[in-house]
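Shared chain: chain A. Partners: chain B in the first complex, chain C in the second.
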Partner chain A sequence: MATTVKIQVDGNNPVLALQGFLKGLLDDESIGGILVPVHLFEKGLPMPTLVTDSAKLSGADPLAPAFSMNSAKLLARLTRGQSGERIAAVLRPCEIRAFVELVKLNQGSLDDVVIVGVDCMGAYDNLSYKTFLGDADSFQATLDFHGLIGGEADTVRNGVDIASACQSCEHPAPQNADVVIGIAGAHLHESIPVMATSARGEALLSGLNLPDIESANGRDKTLESLIAARIVNRDAMLEKTKALTGTLTDLSEYLSACVNCYNCRVACPVCYCKECVFNTDVFEHKPWQYMEWAKRKGSLKMPTDTIFYHLTRMAHMSTACVGCGQCSNACPNGIPVMELFRTVAARTQESFDYEPGRSLDESPPLSVFKEDEFQETVSHMA
Partner chain B sequence: MNNEFEPTILAFVCNWCTYTAADLAGTSRMVQQPNLRLVRMMCTGMVDPKYIVKSLLSGADGVLVSGCHPGDCHYINGNYKARRRVKLLNEILPQFGIEKERVKLTWVGASEGNEFAATVNNFINEIRELGPMEACSMAVV
Partner chain C sequence: MAKKIGVYVCHCGSNIAGKVDCEGVADFAKGLKDVAVSRDYQFMCSDPGQEMIIKDIREHGLNRVVVASCSPRLHEKTFQQACARAGLNPYLLQHSCIREHCSWITADPEEATAKAKHIVEAAVERVGRHQELFSREVEVLPDVMVVGAGIAGIQASLDIAKSGHTVHLVEKSPSIGGHMAQFDKTFPTLDCAACISTPKMVAVSQEPNINLMTWSEVEDVSGFVGNYTATVLHKPRYINADVCTGCGACLEKCPTKALSEFDEGLGMRKAIYRNSPQAVPNTPVIDGTICKKITKDKCGICQTICPTGAIDYEMKETREVFHVGSIVLATGYDTMDPTPMAEYGFGKYDEVYTALQFERLNNAVGPTEGRIVMKNGKSPESVAIIHCVGSRDVNYHEYCSRTCCMYALKYDHLIKDKVGHNTNVYNFYIDMRCFGKGYEEFFKRVQEEGVTFIRGRPAEIVQENGKLVVVGEDTLLGMNVRVPVDMVVLCTAMEAQKDMAEVARVFGVAQGQDGFFLEEHPKLGPVSTATDGVFLAGACQGPKDIPDAVAHASGGAAQALALAAKGTVSISPTTSWINPDICVGCKVCVGLCPYSAIEFDDRRQIAVINEAMCKGCGSCAGYCPSGAAQIKHFNENQIFDEIDGLLGLLPGLPEIIDETGAQSVQARNVITPGEPA
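Then we have the complex of A and B:
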């Protein structure tokens, strides 16, 4: 029976209570540091921060509806090779799923990390977060966002809503975590349930001496209705994007503001190549080549290879797309890149019966093969 | 209009089997339409999906990938990997109106000159029927 404990909330402040919980973790001799979003300044985005001194946890805000970047990449850096110490990482479900993909690609390791997953109620993109914040105090804004019961508050504030990736995310509950903080359905001004979901999590929780509870009451129900609503959004989003990009010309129009900055690739946690071919001299064409290509059709959009870039990315990583929305978040031109990638990913993931982040035991589809499969892909002479 | 359209086909063929078959078809003077451009690869396992995508965006109306029969790959499993990659493109490209038929995967052994000529001729006819790639007329690729 998995251990479920509760974090007592005092003074109507669940963020403070969670900071206390994290301090408890950091005080445990097995944990050398915690990766967690921290408000480093009064205004602005909380940033993923590696905290080793528990005094610095006073800025930690694991519930902030901000998502500056997908921390899976950062955690990969912290776990590739040995630091000699175990760390804890407080992550959103999509960050965990992306990290699992990176672990499969040997770009990170689960050996010396405790994953603390937090139920995700969604987050604003980086620009909207500023609008959401307005003049409010960052911590107060976080508390207002969540309200009394996790997952029940309306998410529109100051005219902005959480990112469309979050609105259409069917994974608000962490998978493959060691410890899960059950925000969904929790009476946040009373107590927050914490579940151990692995042996490592079990050992850690039992050392904290928190009061046991039977179960996270109401969590399943809240998650269920959250997921149902998000699936409706997701399906509408997929349909809409499909309709907008049904031909190559439509796709070009969809991407017409793309300036080949490749920010979407940099922000994508599962774009795994160490060196991207689009940054190599393969694409340093000669002036006469451009002239030739332009003459062939009468005109040539510069920079070139925009569609090629996006289609290549789809071929390389769509089976691993976790739908985190960081590509859209990073795009300087407001192109709905997440929508496009999720639409493609829905199809490629289904065709290989693959769900990124679901299990460490499932190999990335393009890293394996079977002798007897996909016969219909091969043409035979009559 | 389509009567005047002559497709350009790019073929990524494995050195050990299909390329040899192409040679055989040629030296045996089998009749083949002249729409094909061969790219010799050491194995279909090294055909990255982006080669196929780039071809289709840069003037090819169809792409043929042809390698050794299952079990015959000289690098043991390159052709199985190629099959997964073509499968992947079969899922991605039609979403943007690029017909699945434009990317063809076949196994043609070194001694199958007949097979090669027939495969190529059929493929060219199919693509002639299908018409030109949309990318041919686009300023943005």
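Then we have the complex of A and C:
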């Protein structure tokens, strides 16, 4: 049985309690720093921040319903190559899953990092978070968002709801973390359960001398109903998107507002290339080529290669798509990119029986050769 | 520099011109960007055709050439060399196929002509992106490694050694000779197998240019054509071969026995043993798994007997590394185990033998000293020989094993000869395949000796009243037959060695669907493989009889010698290249490369291609999402431009309407770079 301890909440402030917990972690000799979302200014988005001085943790807000960016790529930067010091990273489940994919691709390492996963109740996209916040104090807004019991509060505030990616996310509980903070079902104004889910987590927790808890009762039930509701949303979203993008003409219309800014690629945690092929000379066309293409049909939309870009990204990363929704968050023109990619990913991941982030031992489908794969497709060639 | 492209459209007699309006295609090409000259000609590959290209390159200053004719597999080299003769880098040529890909497979001449135009336009767009590439010459190490010392490996080794090159011959068994050493007589001449193979075996052991290593296996091979590094594992023999005189005193006193592999389980051997008195080398070997001294530290009698003190129970396995220019694989075959074919009762009935067991019964140094007798010591009065056991059978091997008809005829003769003319011999066959030199004549002779031939594969063998009854159908008479006999011989299929997949992996060669090693081309490259510098000899490539195996082995030896004699080999420049500025170091290509040609540079955290080992297959480039890995001569720019040309909508193109109609026309343009849907 894994160790389960509790963080005592005083003064009805679970955020303060979590800050205390993180200070405890940072005080541990084995941890040199903590990557955690921190409110750096009075207003605005909390940003992923590498904290080494526990005094600076007073701005930390791991529960803020804000998701400025997927930290998987940042953690990859912090762990690729040796830093000499172990850090802890407070991550959402989709950030952990994306990081696992990056580790498989040699972009980061789990060797010197303790992953603290937090049950995710969802987050607003960056523009909605501002509306959600209104004039309220950032920390107070976080406390209001969660209410008394984690996962029970309504998520619509000031006319905005959490991001559609979060509404249709079936992974609110962290996988492959070392330590899990069990927000779901917890009486947040009393105590928060913390579970060790690896040997490393076990060692760390036992050093903190936190009181044991009988069980994180209520968590499983809350997660269950949360997941059930999200799967209903997800399936409806997939159906709707499929209907909207079934033909090339429909797909073009779906993406018609795309201005080739490539923000979705920059925001995507699993798009791991140093230099995207769309930035290389392969797509540096000559003036006469544009003229020829225009002449073929009488007109040519500029910039070109828009559909090609999105199709290429689907081919490259749909098997690794964790559905974090940062692509939609990053789109300046409100294109529902997440919906499109999750719809394609649902099919490609099912085809390979692959779930990104599920296990480090599962190789990315395109990195391995299986002779007997897709017999129904290739058997006619035998 | 401005591009000046010459386009040459070949008629190939009527092969292309019969469907494609070649003149029209050439005219069309004149209007394409950067095309300076465009011509059509009856046979571009002829001397005048090539001269035309050379002249144009010189007179018009062409710096790119497109030839549209047959498959590049046939004549790309021809035209590359023509370009080279005119001083143009051969990789500035694009050879496009408008025969196999167009005229031969298109019914309508108008469509064929339109398609040929697309193909030529694609080539013109692509060739503009071509870059000069240069082959590299690398040295070929003079030594050759031969793996397997059956008759094929022996032949290959002797051929190579005769030329003065050193051969490292590796054999996994304790002695050489392979399956042939187990045989008694050989068809169709009835030469004694030992009489014709022992001289060759002795020649191997005495040849100064052959480094013979028995009881050894190749564990690992790295490198590339001309520069292979092979690690050979020497299993412990427990006998010091330098001291042993082969007197054989030890063999008599050893108290531990096991079934003899060489006698196919029909007889026993000792824990210290050698396959036969003529074994080469004649140094025995101790079976470390059963020897009482080695397993339990008891006995040790052989050591006390040995007059030269050659026994060494402490011997350990050792490894030796060799650097060779090429490798000849002569790993041979296995015979199929007929036990799973329960209907034939092998393993259940005492008097059902495999063909190799029957060879041992016939052999003068076999378990019966050459007498064909049953387990009870009596001679059989009747024998059934069942052909095609596991061959030509969709449940086992679809192929014909090519040797069974002939050795069955040999058995027919030997039974009549040794047991007596009154012995009844029944052959159950599907077809008699006697295609070699002197084979049909031998068939005739055996027929005249009074052997019975029944066409039909038997359904089963049952035991009734102390006799084995072969139940089947004589398909020529159209009636069921039940033939009681004393002894049954199963002509079991020749199949790939059980560890073939592992061996294939070590040497980087492929297996065909039948499990045997895959040759480069079934007709024109039967001894080479897709891996340069690794050649095949004998039955590891497919079932062969002795003459075919020997001929094949000499072929493999000649290929290895051709490399060694020239001393250098040219490495194709169309390999992969990984751009170090773009590579993100994900290592996926390292795992995907089927030729182990990609190494990971830990310091720079990027993947690096070993161009000498790379075959340019494109597995890495196909995966690499950032395009850091690209195949030279097949890079993304070249391929995208080719696709763009293929999809270029020609004015006046006949409209192709099918079920998907308008959509398909639209779809064809979508993937074009720059062409949004």
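Here is the rule we use: the second predicted complex is superposed on the first by the 378 of 382 C-alpha atoms of A that agree within 3 Å, B and C clash if a C-alpha of one lies under 4 Å from a C-alpha of the other, contacts with A are read in each partner's own complex, and residues count from 1 in each chain.
Operating definition for what follows: a residue touches a chain if its C-beta (ideal position, glycine included) is under 8 Å from a C-beta of that chain, and two chains touch if they have at least 3 such contacts.
What you are looking at is a predicted structure, and each value in this text was computed from that prediction instead of being measured.
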{"item": "Chain C versus chain B on the shared chain A, clash or fit after superposition", "value": "clash"}
{"item": "Which of chain B and chain C A:378 touches, first, second, both or neither", "value": "first"}
{"item": "Touching partner for A:252 - first (chain B), second (chain C), both, neither", "value": "both"}
{"item": "Partner chain in contact with A:107 - chain B first, chain C second, else both or neither", "value": "second"}
{"item": "Partner chain in contact with A:364 - chain B first, chain C second, else both or neither", "value": "second"}
{"item": "Which superposed partner A:300 touches (first chain B, second chain C, both, neither)", "value": "both"}
{"item": "Which of chain B and chain C A:351 touches, first, second, both or neither", "value": "first"}
{"item": "First (chain B), second (chain C), both or neither touched by A:308", "value": "both"}
{"item": "Touched partner set for A:289, first chain B, second chain C, both or neither", "value": "second"}
{"item": "Touched partner set for A:280, first chain B, second chain C, both or neither", "value": "second"}
{"item": "Shared chain A surface residues [contacts with chain B and with chain C]", "value": "247-249, 251-252, 277, 296-297, 300-301, 304-308, 311, 316, 366, 369"}
{"item": "Residue ranges of chain B touching chain A (in the complex, touch as defined)", "value": "49-50, 53-54, 57, 59, 70-71, 77, 80-81, 83-93, 95-98, 104-107, 115, 118-119, 122, 134-141"}
{"item": "Partner chain C, residues of chain A touching it in the complex", "value": "80-81, 105-107, 247-249, 251-252, 272-277, 280-283, 285, 288-290, 292-293, 296-297, 300-301, 304-308, 311, 316-317, 364, 366-369"}
{"item": "Chain A contact footprint on chain C (complex, rising order)", "value": "33, 581-588, 591-592, 605, 623, 625-628, 636-637, 640, 644, 648-649, 663, 666-667, 669-677"}
{"item": "Touching residues on chain A, where the partner in the complex is chain B", "value": "242, 245-252, 255-256, 277, 296-301, 304-308, 311-312, 314-316, 318-319, 343-344, 347-348, 351-352, 365-366, 369-371, 373-374, 377-381"}
